[in-house]
Structures are given as structure tokens and as C-alpha cells.
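The first chain written gets the first letter, and so on, giving A, B, C and D; residue counts start at 1 in each chain.
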Amino acid sequence: MAGSAIAPPLLHLRDVTKSFGPVAAVRGVSLPLYPGEAHALVGENGAGKSTLVKMLAGVHRPDAGHVELDGRPVALADPAAARAAGIAVIHQEPTLFPDLTVAENIFMGRQPTGRLGRIDRAAMEGAAARLFARLGVALDPGRQARGLSIADQQLTEIAKALSVDARVFVMDEPTAALSGIEAERLFSVTRGLCERGAAVLFISHRFEEVFALCRRVTVLRDGRLVSTGLVADVTVDTVVRRMVGREVSALYPREPGAGAARGEVVLDVRGLGRRGVFEDISFTVRAGEIVALAGLVGAGRSEVVRAVFGVDRHDAGEVRVRGRRLPPGSPAAAVAAGLALVPEDRRRQGLVMELSVQRNAALTRLRHLARLGLLSARRERRFAAEWAGRLRVRHGGLGDPVGTLSGGNQQKLVLAKWLATGPRVLIVDEPTRGIDVGSKAEVHRIISRLAAEGLAVLMVSSELPEVLGMADRVLVMREGRITAELPRAEATEESVMFAATGQREVRA
Amino acid sequence: MAHDTLYASRPRRARRARRAAGPGPLRPLLRWDGAVGLALLLVALGAALLVDGFATAGNVRFLLLDAVAVALVALPMTLVVVTGEIDLSVASALGLCSAVMGRLWVAGLPLELIVVLAVALGAVLGAVNGLFVTAFALPSLAVTIGTLAAYRGLAFVVLGDDAVADFPFEWTDAVAGTLPGGAVPWAMLLTALLAVAFGVLLHGTPFGRGLYAMGNNAEAAAFAGIRVARAKFWLFVASGATSGLAGVFWTLRYASARADNGQGLELSVVAAVLLGGVSIFGGRGTLPGVFFGVLLLATLRNALQLADVPADTLDIVTGSLLIASVVVPNAIARARARPATGRAAPAGEPTAPPRQERPEREDTEDAPA
Amino acid sequence: ACSGTTREDGESDRDAGAGASSTATADPNAPLAEDLAVAFLPKQVNNPYFTVADEGGHAAVEEFGGEYKEVGPSEASASSQVSYLNTLAQQHTDVIVTSANDPNAVCGALNSARSAGARVVTFDSDASPECRDLFVNQATAEDIARTQIELIAEEIGGSGQIAILSATPNATNQNAWIELMQQELEKPEYAGIELVTVAYGNDEDEKSFQETQGLLSSYPDLAGIISPTTVGLAAAARYLSGSEYGGRVALTGLGTPDQMREFVHDGTVAQFALWDPADLGYLAAYAGAALASGQITGAEGETFTAGELGEYTIGADGEIVLGPPTIFTADNIDDYAF
Amino acid sequence: MTAADAHSSPASPDARAAQNASPSPAPPASGAPPAGGRAPGPSGGRRGAARLGAARETGVLLALLLLVAGTTLANSRFLSAQSVKDILLGAAVMVVLAAGQTLVVVTRNIDLSVGSVLGLAAFATGKLFVAQPGAPLPLALLVGLALGAACGLLNGALIAAARVPALVITLGTLYVFRGLDHSWASGEQINAADMPHGFLDFGTATVLGVPVLALIAAAVLLAVGVFLGSYRTGRELYAIGSEPTAARLSGIRVGRRVFLAFVISGALAGLAGVLHAARFGTVDATVGTGMELQVVAAVVVGGVAIFGGSGTAYGAALGALLLTTIGSALTVLRVDPFWQQAVDGGLILAAICLDRVLALRGTRRARAKEAPHGA
């Protein structure tokens, strides 16, 4: 990293403030971004990180304060203006055009043109392919974006940002959906950008990434700047304390053998297959057991759990819950049988963004909240308040649209909504994606406790430490098949990665 | 369940959160339905004062009778549109049921049985729509444009250019009969009761809650275990059955079973539903709003007709009202949002879901130059 | 009346409250009442045909010093007409002159209006006889049918295939005429003429074009087309004049001189028929005024004077006939403008 | 089609809904998720997508060919020069409207006012010739375009500036424009005799046997097709329809683009009005009534997703041609007039089902090809 502290900041946020009605999301934050270095921004869920990003992206305008570029104030009135000012943004939630091709998504509005101003598709797809090569992923630029997994969406977003000839790169949790390999590729690309003098603002809840990539770190709490300084001067513990304002108990609070009191087989999946996606998937989960489904991005883990839950149909095999066969393709039947699925894409699958926090929370429990078939607003509110409280969801009001919550808080609400059903089998797909350390520990504790109380848990996670720390048993998938089943004692980074990639020498 | 640790309640937090929630779900109800209801009241009052012959029992009776068919069909249509679908075939289903009714009457069946059969036929027609939309996953707009033509065509196949007009006097008279006082027709009272039933279904039951969820995000609703396709299917059936009922009403009201009965009614229904504040993209709208919307349009039309306003002006007024019904509240919302600077951006952008071209929640940037 | 609309025209139960006038006696010498409120309710406002007819009515009302207005729906539907009739009843209109979109559907409303004191005259398209006082018929259906058959027979030289291009399949007038035309064709002098089919252009330009085209390709030997509807005739003429069939296939029917002028001059159409719609409205207005003034009650055989059109006698079923249709040819078409 | 479709979609309604729900209610074909384009073969997904795109139009084309073949078997004159010319003439107005509507529909909007705009422009054309019998043809075309554009401007301004759903606004302006047309005409009719011969001849003239109107429609179609397919602005329209939020985030001027789409749609409806007047030679205030639903039907049958983001103008034009041909075929086959409308509706349903089946087939084949181990 070639940055020197003496160089003037490339971009400087000065005393910016932004409120949404009564919620003060960002209050008087100043932040310099220096050329040639990556600057980390950390904070709890809802601390105001994404709001800050959106002000740089021209999505929100600050209520007070301004942004300086090369020492001169700039008005970032809209996203186009931000782009023109040389700021490229990777938003926390990927927003792609599902009907267009991946390449078009990347180059929308900047497509290479040929004769008579017509778009040169070949050139465009070539350029996209080169970008993916740089990121080390094999994504087809000519395919439709519809149906891309969250990770592939995120990679497309990254490629989009990289394709812009920008001087400032703002990355809001770009790695949340990525596994170690892709993240590592992103870092090397990012380092390359820094070497060429770009300034990078990097947001992540994973501290190892912050420490590996960034030179400076700024901590936000409740929209206020708590500290800013060189990464070299701090430790993970100090950063966490500043973020949370208290000590955080250990992550992965699961002692070996915690799941010893295992009960009968609750979930029994036999020979499950879906043509072109996965095949011959068989496993069981017992009461009180946490089984992790590990693998690289795109291995088909999410597809498997979706088929188990019935939102996708399977072509072969069967799913039994406590011996009773589930009718295929019916989530309602799965719910009735005591299954709960916390899906990986909270925006599309987990929540109804326009509906209020309260309505979302109650969505899975409507029949139980009704008396004589009629719902009472009071009962519903009490129920929602209770569950939002248990998972410490930060929200402006129960009547606010859930879209106004920060990403992490949305994730907690999805968990709440499913835990509220009192399931026998809990399936969680990337349960802690985008969740801050404090809440992550909380989520882990909740899952462990539920397991201890006899719940069967199936967990899909791309975070290896989480898999190793939580699971009693690890199933590893590669290209749509289960390639290994490792009991807790045998599950190590090495063994899991080997099963996931089929190669020995991979670092996660 | 055994998870009592997590499942223990935390009353204090709950109470605080409740206070923060404010009027919550009541807010839109007060805002939009109130506005349409108020507009209805004002138009009625104004007409009573300014237009000769408006405030007579006879006129109110005619006004309400004219509104019955649209009101009936608008009830299930509200639910259908809330789920993000639309049923444009209602008027044709009405016509087909009317035609079949005439054919059966000529064949000598008792009218009681015919009424039941007509409603059942409507339900079947609705089921056909529902099947295409849910099982074959076709867009309802396209499907019901197709059945709009098909059902109307079948009506002509059934009855051709004949009209059956000799329904018994007791029946045709009863349909237009009123409650004591002579102003409120029985038919409208029944429609209002039906409206209450649909209103409770939509606003007070888990089923209705699910409709809003699927209207906003069908995928998330399916993930939550809501039977999206099944609900939609039954809504189309309800829409068809109600169209059948409206067909029975229409036939007896005008004492004339014809294949072209109710032609073009679908646009009036859609207009009333939209005026009532239902979002055409689904997920938003209330039943009282729609009911008031139907009455508002009917009252306005009646008053303007009495005031000898020509038909083309009436069309212009109807159209402008429809436009104003979406533009004005939007403008007000934005004006209200401006002083509180923060409201400039829509909820949750960019985290908001795909279909969010809603009024009221839009941001101000990027208006055309 | 117009035939064929009801399955069983049956005994009507619905004239209960209506027609107090039928028991009153007529006073042929009574003066026309002053300040009569006369309302014209056509099938559809802004329809050129009715605009001309209603203007004729307007002229008549001005002559006898009444108060004229034209109201009506912008789409031709019976239900909207009912709504307008109810309004007119509320407004205590003295005379309602209307053309019914559905002879039965408007019946109840017409009778309510009559109970409220209005006199009802139908014109162009009748309502059921028991719910109106008089019907002013543009020409007898027999006249209309005979005239058109005569015209086409002359055009095609007395033999060959012909087809009819009608309005909608359920248009009352048209169907009545078509039936009579078929009867007319059974006469021995038309033995050489074969009516091959009836097509329906729905009174839409596009559909009438398509139907004409369909007729010509389905019946290669078609010699002539009768279109007893103004829209159909104009559309068929326009189609023929722009296609290879122009001049080879004869075309006649009912049309307005303004619409047909171009095609008569360019030879696509040699002759066609119609009455003057303005006269129709004029006569209907006078008939209504005569009723309201007590000159007539609507009984068969009564007579009254319709301004400059002269004296008319009420026929069976309260029907008054304007007169035989006018035939337009290249020689006389430029004398008319409507 | 029923059996085939049911067979190809074993999913319970719930699962189907889930699959198709993202991110907008499933339009025909686009709801089917193309299987992963990841590791197994980068080009597989691409080719799948291309095939899908092709299948869209192929479906309609196939339906069209079947119809023409069937009808010709029954009556050989259906393919005579005059008859083909008539079909092309009949489709010309519809194709122009469909091209305009496509622009709007891909942005996840809809323009229901086109029928009224067409009527208004047709009447204005007539009025122009009454006032200025010597007015040159290009002037008439310009007047129509300008008047239509003005109507589209109003639609677009209301929708883009006030940010309200297009369906509501254009349903409103459907009534308003028609009302204006009626007030203006107040029952007047403009007849062939009032229009200059040059203009009327323009309505029937041919070049090498092809009607001039059809050539104009083809030119419009080509322009719109190329604009949508290969120009940045055109692609932005798809982006807006595909995901409006994302469009705004990526700096697309959504308001302006939607506004533009409505202005063009209006202008083309105006142009269609002039063509209509030239073809029929008679105009009154009712011209074009109810045409909006036919146009929407044509666009949807042609494979343009009603919720935006996909479909082409060519498909929409094929849809228009198909619907017009259905009308002609039913007439030529002398189908009982009472049955015609029913059959027409049934054929529309059949066409969208066929499209759906082909699309599903395409996806299934694509997916099978990419199965992990050649399953």
C-alpha cells in the first residue's frame, strides 16, 4: 500500500448528517479517504454505514455537511452525478436487472458502441469476461441475471464497479455472500486499485478482512463517529468495544459435545434430486443436532434446502419429517410439519419490503394470532414487539416498512419470524450474512440454545469458522453432490476445503 | 415447545415498541379511505344543494341501483388486484351468465334454480381464469383479455341476437325494490353486506393478510408458507361467481337477458377500484376505499346528468377524477415530505424490493427536466 | 314493431303503471302546448346519424316554441339509456323522444317516466309497444327491404350471387330487414338471385373491411353486396374502391349522401337508399308535441300535422311511418347534404 | 396445449408461484429461471438465453404459419395477392400501435390511451383536410405525429413528474382524450368526399404490390426494434422495466426515459390515426374505440412481458399480425358470426399458452444439458 498520510484526501466527507424522519442515521460524521489506501468502516447493524455510502453514491443527499473531492465541494445530486465524479459504488444489496444479461448489467448506460452508435455486444461481453477473469470467477457474461445466486449477484456488482474508470471505490459489504476464495480474489484486485492511486472505502463485519486489507479504520456507533485511525494502532477487541460499547461474549459459543443428547431422526432426506441442479442428496438431522452444509458458492446448497422446504420441486427422492413424507413443492405443508427456512435472500424471499415490521413478523404466525378467524391488531402488535425485542431488532417503529431497516436488522427480523413458529427443524441459509459481531454472537447463541432444547438445525454457511464452530456434523457439497460427511472431530479447514474443491492446496 | 428460554416474554421492550408504532396499520385507512369517503360526502352534499331533483328518494334509488353491478364486481376485484393480478373478463362473464339465464328460462327451468346455476356458471368461468393464471403461470392481464373475448363470444353463441325479456314481474320488481323509505334498494343493502364480508376477509383474516404479502412479494409470501396460487385461484372463482350474481341482477333489473349485457363494464370497475386507492401493482388498497370509490363515481355521474352536463364532459370529468385521485395525494405527500428534508428518499432504497413504483413513497430525484 | 327480439313476446306484465293517456280522448283541434320540455335521447350521442336526426327535432321544437335538449350516453348501451331516462323522469320532462338500444331493457324506465307524466315517442329503433306512446318509423321495414332488393337486382342484371353485410348480429332493425329481404327474394322475379350469406361488420370500419374482404375471397362469383347500415356501406365502398374488385362487384344499401358522395362519383356505387334523418327527428318531435298537447292519444287512425311535413296518420300499434326511402344516384346526390 | 403444459409443469401451484415470483409476477416465459450459467459450461446459459429469446418469436410465428396454412387449405384464395395485401393493410395500423406500446410496456408501464389518441389524430386529420383541402400529405402525417406526441407528452409528464402508475393515468386520459374528441366532433363525420384524392390514394397505394401503409409500418417497426435492441437508451428502457430501483441506482434517468417512451408511443398512435384516416376514408369521434385492449393483447401475445423488462417490438408486431390474421381467417372460413368472437378469444389463449409451452421446453432442455453428470 503506497498511500502516504501527508497526501491530501482524495475525497472528504465533512460533518455530514442524515435523518429519516425521527431516525438520525448519520450525525456529523467527517471522513477523509486518501489516495492509494483502503479505509474500513465498521459499526453495528444500523450504525449508519450504508447511509453514508448512499450519500456518496448520490442516492441520499446529506441534510447537513458536504462532500469534497480534491478539496473542492461537490454536489452528488444523483447516482449519475456520483458516477461522473469518479465514484464507483458496490451497494450492500445487489440490484441487478434480472431480464438483462450479466454483461449488460455491468455496462448499463456505458455499453461499448460501434457503428452509428449501436451497441457492440461482442465487445461488451468480451470486456465482461475479462473482468470476471480478473476476479477469478467463471460467470457467463451472456446469461440472464435472473436466477443468479446471491454470490453471483454480488460478483456481478463487483464487476460493475470495477468496470467504471473510477478514483474512489465504495464497497458496502461486498464479501457478505462470498466464501474465502472469492473474497481473496477481490482483495487482490482491490490492492491493485490502491496501487494505481484509487481510494477505497470498505465495509465489512468480518474483522479479519478489515485487518488484511485496510490501512485505516473508522468506527461508527449510532450514526456518530467513535474513532478513526490506523489499523496498525488497534486490535479486534478495541474495535469491537468501540463499536458495541461493551464487551462481546465469545463467538461460536458451542462446546464440543454440546449436542450429545441427540434425539431421534427428525429430518430425513433420501436421494433428493433436481435435474441440472443437484442429485442424490441423502442425509438426516436428529433432534438436538446442528448439521452444517458447507461448500463453495454455487455448489447447490441453497437449492437443496429450498427443495427440502418445498419452494422448489424436486424430480427425485423424498423428504421425511419425523417419518412422515412431505408432499413435494408445498412450503405450506412443510411449515405445518414443523419446518422453518430462513432463506439466503432476505429482500426477495425473506421479507415483504413494503409491509411493516409488524406485519412481516406476524406473517408466519397469522393463523395462531387469529381468534375465530379474525386478527386483532393489538395481539399482532404485542407479538411483533416481543419477537423484535428478543432478537434486538433496531427499528423506528413497528408500523414502518421493513425496507427502512438496516440490512442486519432485516436479517434478524427474518430469523425472528421463523423462530416464532416454534419449529422442530430449523433450516438457516447464511444466517449471519451481514450481521454485526454482537448480533452474530447472539444468533449463534440462539441457535445453539435451540439445538440444546431439542431442535434439529440444518445450517448452510459460507463462513468456514462459523461452520466449524457450530456444527456437530458437516456435509460438504460440490457441484450438486454431497462429497463428504465429516463429524465435528474430523472437520477442519483443510478437510472441508478439500471436499469442497477436490483439491488439496487451497487456502480459505 | 421446550424452548422456554428464548420464548419467554419481555414485556417492557414490547410496551416501548408498541408506543413507537403509533397508529400503525390504521394510518393508511384513515388517510385514503377517509379522503374518498369525504369526497363522496362533499359531492353528495353539493349535489343536494345545487342540483334540482338530486335529493329525492326516487333519484337516490336510481343512483344506487345503477351502482349495484359495478359495486358487486368491484368487491372481489379489489382482492384480485391486491394480489397483483387483474380480471378483465368480469363484464363478459356477466354477459354470458345473463345469456345462459335467458336460455334456461326459455327452456322452462324455474327461476330459483336458474339463479343458482348462473352463479355457479360464473364460478366455473372464474375457475377457468384461475387455472390459466395459477397452474399455467400465465399473466392474468393476458389471460383475461383472452377470456374477455371468449366469454362474450360464447354469450352470443348461447343466445345469438335474441333477447329474453319475459321474466316474471314479481322477480324483476323485487330486484328494483327498496327498503321502506323508497331510497335504498334491497340489492344495494345486500351488496353492502357483501362488502362488509369481503372487507373483513381482506382486512381481518390471515387469508387477507396473505393477499397483501403476495401482492407485494409473491416469492417471500410463498417462502412464508402462504399458498399463493391457491389463494389466487379462489379469488378468481369468487370474481367469476360475483360476476354471475351481477349478471342475474342485471338481467332482472333490466328484464332483459342479452348477450351484450354489461359490455364495457370492466373498465368502470377497474376505474372504481383504482379510484378507491388500490395499487394496480398489488399489495395496497382497502375495501372501504373501493366501495366509496364506486359510490363517488355513481353519484358524480348522476348529479352531472341531472345538471344536463353532456356525456363527453362526463367522460372528461371521470377521467380527470381518476388522474387527480393518484396525482393529488402524491403531490400532497411530497409537499408534506419536503420540509422534513429527510423524506426525500423512498423507503429503504436501494433495499426496497423490485416493484416499488408506488406513489407516496417515491423520491424526488430525477424528475424530468 | 321490430320483430324477433323476444323469445316469447308474451303478455306483458309491465305496462301496469303506464299510459294514463290511452283512456283519455283526443282533441284534434287542441293547440300545441307552449313551453313543452322535449328531450331527445338517441342510442348514442355524437353519432352522426343521430346528430342529424336530433337537429331535425331541434328545428321542430323551435317551431312550436318548446324547450329542446339532447342527452344520452357516449356508448350505445341500454343500461346507460335507463340511467338517462331516470334522470329525465326526475326532471319532469314533457316529451321524451328516444331510440332504444334494447327494446325491453328500457321498458321499465320508460314506464316510470310515463308515470311521472312524460309522453314517450320512439324513433328509428322501437321499444316494446306497451312502454311507449308512439313509434315513428323511418319507413316500413317492407319498403326498406323491397327497395334494397330492387336496387341490387337492377345493378347485377337480375341474376347472380349476392351477400349482405350487416351491422352487429343482434341489431334489431337490420335483422328485421334481412328477414324481409329473404322473403322478398323468394318472389319469382328474383329467382336468378342467390343470397349466399350474411356477414356482420359490427358497425366498425375495420371489421366491415375484413368482412367485405372475406366475402369476396370466399365467394369468387359474388355479383353484389347489400349493406343495410351506413357504416358498413361506407366501409365496403371504400374497400371496393381501393381494391381490384372495384366496379366488378355491385354495392348498394342504406347510407348517407355525405358518406357516399365520393363513391357514387367514382362509380363504385351506382345507387343507394335512405330517408332523411332530419325529417325523422322533426316528425318525432311533432308527434310528441301532439301527444303532450292532447291532439292525439296514440290510438290507431288519429291524425296530426307535423309542421312542414304535413299530415300523418297513426297506424297499428301506435306506429307512424315517415315515408318511402329516398334513392340517391349520381344525378341527385349533390342536392342533399347530411 | 393444456395437456402439454400441464405435463411440463408438474409443480404445485405454490412452488410455481415461488419460482416465478422473482422479481415480478411471471410474464410468459420470462418467469422460468434459466438454469445456472456457472461452472458447467459458460456458454450453455448464453445459448439457452438466445434460444429462449428466439423461442418467443418462434412461437408466435409458428402459430401464424399454422393459421395461414390451415386457412389456405380451406380456401386457397386466402393467399391471393389481394388477400395478402388486405391483411398487411389491416395489420399496418396495429403494428404501428404495437411498436409504440412495446416501448412503454418494456418499462413496466402501459398506455391505455392509444385508442383515444388514434381517434383524436384521425379526426384532426379529417379536420385538416376540411379546412385545407390542398394540404400536402407530409403535413397531415406531421400533424398526426405532433398531436399524438402532445398527448403522449401529457401522459408522460403526469406519470414521470407525479410518479404515479401509468395504468391509472392512461385509463384517465383514455376517457379525457375521447371526451375531447367527442366535444370537438360533436357528432360530425368527415367523409371520403371531404378528403383529397391524393390522401385517399395514399391509403390504398402499393409499391411492388406491397401497400404503402404496410411499408410505413415496417419502417416504424424497424426503427423501434433497432432502437430498443441496439441503442443505449433503448436498453435503458429494458433496465427500467426489469428493476426500476436498480435503474435509478445505476444513474439512469428513469423519469426522462419513461417520459420519452410515452411521447413516442403517443406520436406513433397519432401517426396510426393518420394511417387509419387514409385507409378508411371516414372518420368520426368513435374511431379507435376499444383498440387499446387489442393492442395490449397483440403485445402480450407477441411475447412482451406485461411487467416489463423483456420482449421485442418484432414480437409485438408478429402478435399484431397474428391477431389481424385470426380476424381475416375467421371471416374467410365463414365461421358463424356468433362463434367468431369466442374463437378469437380462444385463439388468443392458445397463442399465449403455446408461447409458454415453448419457453418451458427451452428452459427444460437447457437445464437438462447442463445437468451435473449428464443426467
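Heads up, the rule we're going with is that a residue touches a chain if its C-beta (ideal position, glycine included) is under 8 Å from a C-beta of that chain, and two chains touch if they have at least 3 such contacts.
If you want to know which protein each chain is, UniProt gives these names: A = Sugar ABC transporter ATP-binding protein; B = Autoinducer 2 import system permease protein LsrD; D = Autoinducer 2 import system permease protein LsrC.
Since the model is a prediction, treat every value here as computed from it, not as a measurement.
Asker: Starting from the Cα centroid of chain A, hunt down the chain whose centroid lies farthest away.
Answerer: Comparing chain centres, C lies farthest from chain A.
Asker: Can you check which chain pair, C-D or A-D, has more C-beta pairs in contact?
Answerer: Between the chain pairs C-D and A-D, A-D carries more contacts.
Asker: At what distance in angstrom does the C-alpha mean of chain C lie from that of chain B?
Answerer: 38
Asker: Based only on mean CA positions, could you tell me how far chain B sits from chain D in angstrom?
Answerer: About 28 Å, centre to centre.
Asker: Can you tell me which residues of chain D touch two or more of the remaining chains?
Answerer: If we look for residues of chain D contacting two or more partner chains, we find 12, 14-15, 18, 22-23, 178-179, 182, 243, 245-246, 248-249, 253, 305, 337-338.
Asker: Hey, what residues on chain B touch two or more of the other chains?
Answerer: 156, 160, 217, 219-223, 227, 264, 310-312, 314-315, 349-350, 352-353, 356, 358, 365-366
Asker: For chain C, what residues touch not just one other chain but two or more?
Answerer: 45-46, 74-75, 169
Asker: So which chains actually touch one another? I want all the pairs, not just one.
Answerer: The list of touching pairs comes to A-B, A-D, B-C, B-D, C-D.
Asker: What does chain B use to touch chain D in their complex?
Answerer: Where chain B meets chain D, its residues are 84-85, 88, 132, 134-139, 141-143, 145-154, 156-157, 160, 214, 217-223, 227-230, 232-233, 264, 267, 270-271, 274, 279-282, 310-316, 318-323, 325-327, 330-331, 349-350, 352-359, 362-363, 365-369.
Asker: Once bound in the complex, which stretches of chain B touch chain C?
Answerer: Touch residues, chain B against chain C: 52-53, 56, 58-59, 62, 66, 102, 106, 156, 160-166, 168-169, 172, 176, 250, 254-256, 258-264, 301-302, 305-306, 308, 310-312, 314-315.
Asker: Which of the residues in chain B end up touching chain A in this complex?
Answerer: 1-3, 5-7, 9-10, 13-18, 20-27, 200, 204-206, 209-210, 212-213, 216-217, 219-227, 283-284, 340-345, 347-353, 356, 358, 361, 365-366
Asker: Quick one: which bits of chain A touch chain D in the complex? Just the residue numbers, please.
Answerer: 57-59, 78-83, 91, 95-102, 104, 108-111, 113, 117-119, 138-144, 146-149, 152, 160, 273, 275-279, 298, 310-313, 327-332, 348-349, 479-481
Asker: Could you list, by residue number, the parts of chain D that touch chain A in their complex?
Answerer: 10-12, 14-15, 18-19, 22-23, 30, 33-40, 42-46, 48-50, 226, 230-232, 235-236, 238-239, 241-243, 245-253, 305, 308-310, 367-373, 375
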